[in-house]
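Take a look at these structures.
Okay, so subunit A shows up in both of these, paired with subunit B first and subunit C after.
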Partner chain A sequence: MSSDKLEKSDVRRAWFYVAPALLWTMAFFIVPFAFMAAMSFASLVRRKIVYTWDLANYLEFFDKPYLLKGLFVSLEITLAVTLISVVLAYPLAWIIAERVPKRLQRAVLILAILPFWTSYVVRSYSWLLLLSSNGVINNALMGAGIISEPLQLASTTSATIIGFVHFFVMLLTLTIYSNLVQLSPNYKRAATDLGANTFQTFWHVILPLTLPGIMVGAFLTFVLCIGDYITPQILGGNNELVLPQIIMLQLGRRADLPAAASMSIILMLVVTAVYLLCLRWLKMERT
Partner chain B sequence: MIAHRMTALLSWTYLLILFGFILLPVAVLVLFSFQDGTLPIPPFNGFTFRWYAEVFADDKLMAALRNSLTVAICSSLIACLLGFFAAYGLSRYRLPGSALQRILLMAPMTVSYLIIALGLLVVFNWIGIRLSLWTVGVGHVIINLPLCFAIIYASMGDHQKNTERAARDLGANGFQVMFLITAPMLLPSILAAFFLSLTFSWDEFIISFLLSRFDVTLPVEIWSLLRSGLNPKTNAIGSLVFLLSVALLIMLEMFVFRRRSKP
Partner chain C sequence: MSAKAVRNINGRLITTTLSISCLVAMTGTSPVLAQEEINALVWCDHTDSALLEPFESANNVKVNLKEYEGTGAALSIIDQSRPGDWDVLVIDGIDVPRAVEEGILGEIPAEALATADFFPEIVMEENNTVDGKTYAITEKYGYNTISFDKSKVDPEDMKDMASIWSDKYAGRIAIYDYYLPVIGLTALAAGIDTANINEENMDEIRERLLSMKSASKLVGDVVSSQTALATGEVDILVGGGEWVTAVLSAEKPDLDWVIPEQGGLRWSQSIGVMADSDKKDLALAFVQYITSPEAQAKLATSSCYWGMPANKLAGEHLSDEQKTALRWDDQTQYLSNSQLYPAPDADLDDLMQDVWTEMLQN
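So, the complex of A and B:
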């Protein structure tokens, strides 16, 4: 067998299988990434890209308050979304796993993530139907006589957060549910036998056991949320731009590829930093 | 007993509220796609299929729909094929640096789509390749290849090795083993990888947006529809996409997961 003894013809054949995927990844991911990194050290001089090999773009980013603010708005929104989504999704996943009869669980779960299957762009748009000044919510509130003037709900940071939370509650419910049902029922039985009530069992046994799974889900939420352009663009209005919006602005209006590239690198570094933080935290949790 | 009832009541209330939050936007989207009026907001004036008719009469939307399907199917096929080959090579042969190769193949999964799109944009600009559906497809293969590779690689266990060895002993050559023995045995995970990348490509926006010019995919076309504000036609195309995705989901459930659950 080839894995026991490596023959020359086997190596050649193995390369033949692996090479196409490797070449594709090199050509259309590694090389473009290197190009983009190089581009981030270039500058736009009279609408022409000049490779100056300096840190001008990065320095400008930390120098201009409206650019730096984008990063902070991004972090703020992403942290809020991650926190709210976990807090909302955990009880839902728990109820589906513990309270809903076993044979109905799959159906209930599918229903809970049904809007996942609408197009991402359309999902944000459908929140616009609810939140706009003449939309469903304002209509209902005015109809009930609670308010007399429509509230400004759309084109706000809150609208962005609501749109995001809607998406990530579904994602997290799915991941946390799969974590909960994988737990052996023996843990719960043991805790009950030792005299813990439902709350104590949950707080001291179930929650710590599912924490690594929550962290994975939360990290996924963080990464997808901080890199997203669509939801803030449709729901957020023009007051508080997030970093991806600012990146797209550089591309659109000014065609400033170097600036866009440098900001993308910054965005990537932030995600990497958070990843390393999470990794450390998870490792400490385990020991 | 009373406390137990209370928590049960609380649980069901919470479930209902969250389901309301999750399902309300889609319900409103679908309901107002039938709106007999020009605005998809209350009051609901009555049922009409007018907006669906407009969607089907819209050449640009229909072209975008065809483009999306073409790009999704072609890029998923390529990603699956490349992923399958790589998974086969890396699991059946011991190559020098195979750990590094696995990391390299998975790398595109760790960066955001925006960065992948920007990188490709820079390179295509530099070489002077015109943006088209082809460039979008190249980008979609990059985001789906790690996924296809990971899924197929994970299911290539040792238990298929014996069957492959038997086939080889009976005189099958390498390709025959791969296509007649390995691929059919792995069909469920290959199909899962294919359908999953199909849905990712179908719904992908930022790469399609940055790497296309005249021919666009459906999410990009819907994006430009949004500029006209609230419009029942957008509801109609949104509902149609929803219907198509759910149909795909049912197909996945029927052909892939059911088959897998049987031993």
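So, the complex of A and C:
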């Protein structure tokens, strides 16, 4: 009897503790999301929002190639950024965790996250200065006689990818590093005792064990990258629009909330699908 | 009641009074001098504090601003607001009749406006009045045309808009990211007057836009396109004008602009009082302030973009350098060779924006 009472009071206390977070999530995520979902089934008729409860916005999105292309451009850029960032971040995280003396690791990590200390917008504009026709890179190449005419580096999809990678390599380095330092050295010792060389130890032991860290970082990169509007706007030169830019066009130019809502839902469904695909790796604890 | 109880009550009263006094002193609030507020839907050139501060101080009012781009967006914002939410509207001059027709702008007394001091061509009664009633007043104007770096581009080439579509300048062009003026300019290049743009000739305009995009390096907003021209990233800006180059005239004297032989687009912005405003007197006072010579000079040289003031008395508050950058003395010639922005209805506006998005995506 007393244990029952104890359990009930525990349940009440648990509800009390989680209530603020639940209320917060309800007020600022669930309710706005419900409004957005409802809005996606409305239409803008002569500049007024009319709840038609149909799929017109979704059909229009898939019907107009230049809108659909926005989704493909977003996916293409996001996948490239995620892949490049993982390839660059893993060795960096491994060097920091394995080769840098423990007492210096904190300082090196601070250096690694220095780019986070500047504004995201400023960082993107800085890349514009580096990549522009009169920028540092073109001037250096022309000064060295390697090229005679400036290369078009800025205002391209490549520029957008470079800007993103610069940011997300740091994010991934942190998540992979935190995974690497949690690994017990006994794994490596056991592999060595069993006759594995350095590469075999890495490939068969370290890499699988750090896969959750990679996947968490990669998923965060995917989510943040596919929803980003600023970097493509500054570095992409409006030459190939990503989906968030098209959503912003609907909001800023047309005030077409229903179209913007439907595209946001599509973007969210893509992220959800990727989350479900990655679900089996998105666990930090080792079994 | 005992003496002790009375002392306690007095003590609490004194403490409460002191606390309230301290709070009032700390927050500086005074119920007697409550500040009024007006809400204005504006373009970005109205957001300089130096422009607003004299009006706010003189009238003890706070002017809340919301920036927007494109009349379609403004009309939708208003549609989705409650009556009375907005007091003042800045709008493309060409769209004033549309706003009047939709019951958005209210009548303002013509005699309260300083149009006698305006450039006559810019009073634009045909836009600002409907059935003899005044609904808005022009506050600023300028041109969307071709801006270029004359140290890198032959200025003679820029007098013919066909140069934009020639291979000579491919990859050296930026396009201003605002569909109305650039579609208007493209129409002029195709020999179509801006007033005659319709769903049939939009096909031809679309082809030309796509062709221009393929020869361009980037499509940028005010800041991006201006930066691209100023840093040498591009040599030509389609849709530029004094609003791009004037603000840079001291640092970048090679930046120039021209109205080509096919003509340029004249933009003008009007300001009016919302029909549903609960603070019409204060809103009108703001309109009067914005069209006063002092405010006009500040508006003409705003940090967002420059443009000619509608009130010619503003010249007394502008320096010679500022007037040169604005081409103050060339206005007669420029006014004669420019057309107004396209004024699409809702369906044509939708089509134009579709074409524009397609152009961006190709």
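In this text, the second predicted complex is superposed on the first by the 250 of 287 C-alpha atoms of A that agree within 3 Å, B and C clash if a C-alpha of one lies under 4 Å from a C-alpha of the other, contacts with A are read in each partner's own complex, and residues count from 1 in each chain.
The working rule: a contact is a pair of C-beta atoms (placed from the backbone, for glycine too) under 8 Å apart; a residue touches a chain by one contact, two chains touch by 3 or more.
Here the structure is a predicted model, which means the values were calculated and not measured.
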item	value
Which superposed partner A:Tyr66 touches (first subunit B, second subunit C, both, neither)	second
Subunit A residues touched by each partner, larger count belonging to subunit B or subunit C	B
First (subunit B), second (subunit C), both or neither touched by A:Leu279	neither
Touched partner set for A:Asn238, first subunit B, second subunit C, both or neither	second
First (subunit B), second (subunit C), both or neither touched by A:Leu44	second
Touching partner for A:Ser132 - first (subunit B), second (subunit C), both, neither	both
Touched partner set for A:Arg254, first subunit B, second subunit C, both or neither	second
First, second, both or neither for A:Phe29, with subunit B first and subunit C second	first
Contacts of A:Leu269 with subunit B and subunit C, given as first, second, both or neither	neither
Subunit B versus subunit C as contact partner of A:Leu104, first or second or both or neither	neither
Common interface residues of subunit A - those touching subunit B in one complex and subunit C in the other	128, 132, 134, 234, 257
In the complex, subunit C residues that touch subunit A	68-70, 72-73, 75-77, 79-80, 171, 177, 179, 217-220, 224, 227-228, 231-233, 346, 350, 353-354, 357-358, 360-362
Interface residues, subunit B side, partner subunit A - complex	7-8, 11-12, 14-15, 18-19, 21-26, 28-29, 32, 39-43, 82-83, 85-86, 88-90, 92-95, 101, 104-105, 107-108, 111-116, 118-123, 125-126, 138-139, 141-142, 145, 149, 161, 165, 174, 203, 205-206, 210, 218-219, 222-223, 226, 230, 234-235, 237-238, 241-242, 245-246, 249
For the subunit A and subunit C complex, residues of the former touching the latter	44, 46-49, 64, 66-67, 69-70, 128, 132-134, 152, 154-155, 234, 237-241, 246, 249, 252-257
Subunit B contact footprint on subunit A (complex, rising order)	1-3, 6, 10-11, 13-18, 20-22, 24-26, 28-33, 35-36, 39, 88, 91-92, 95-96, 99-100, 111-115, 117-123, 125-130, 132, 134-136, 139-140, 166, 169-170, 198, 223, 227, 229-230, 234, 244, 247, 251, 257, 260-261, 264, 267-268, 271
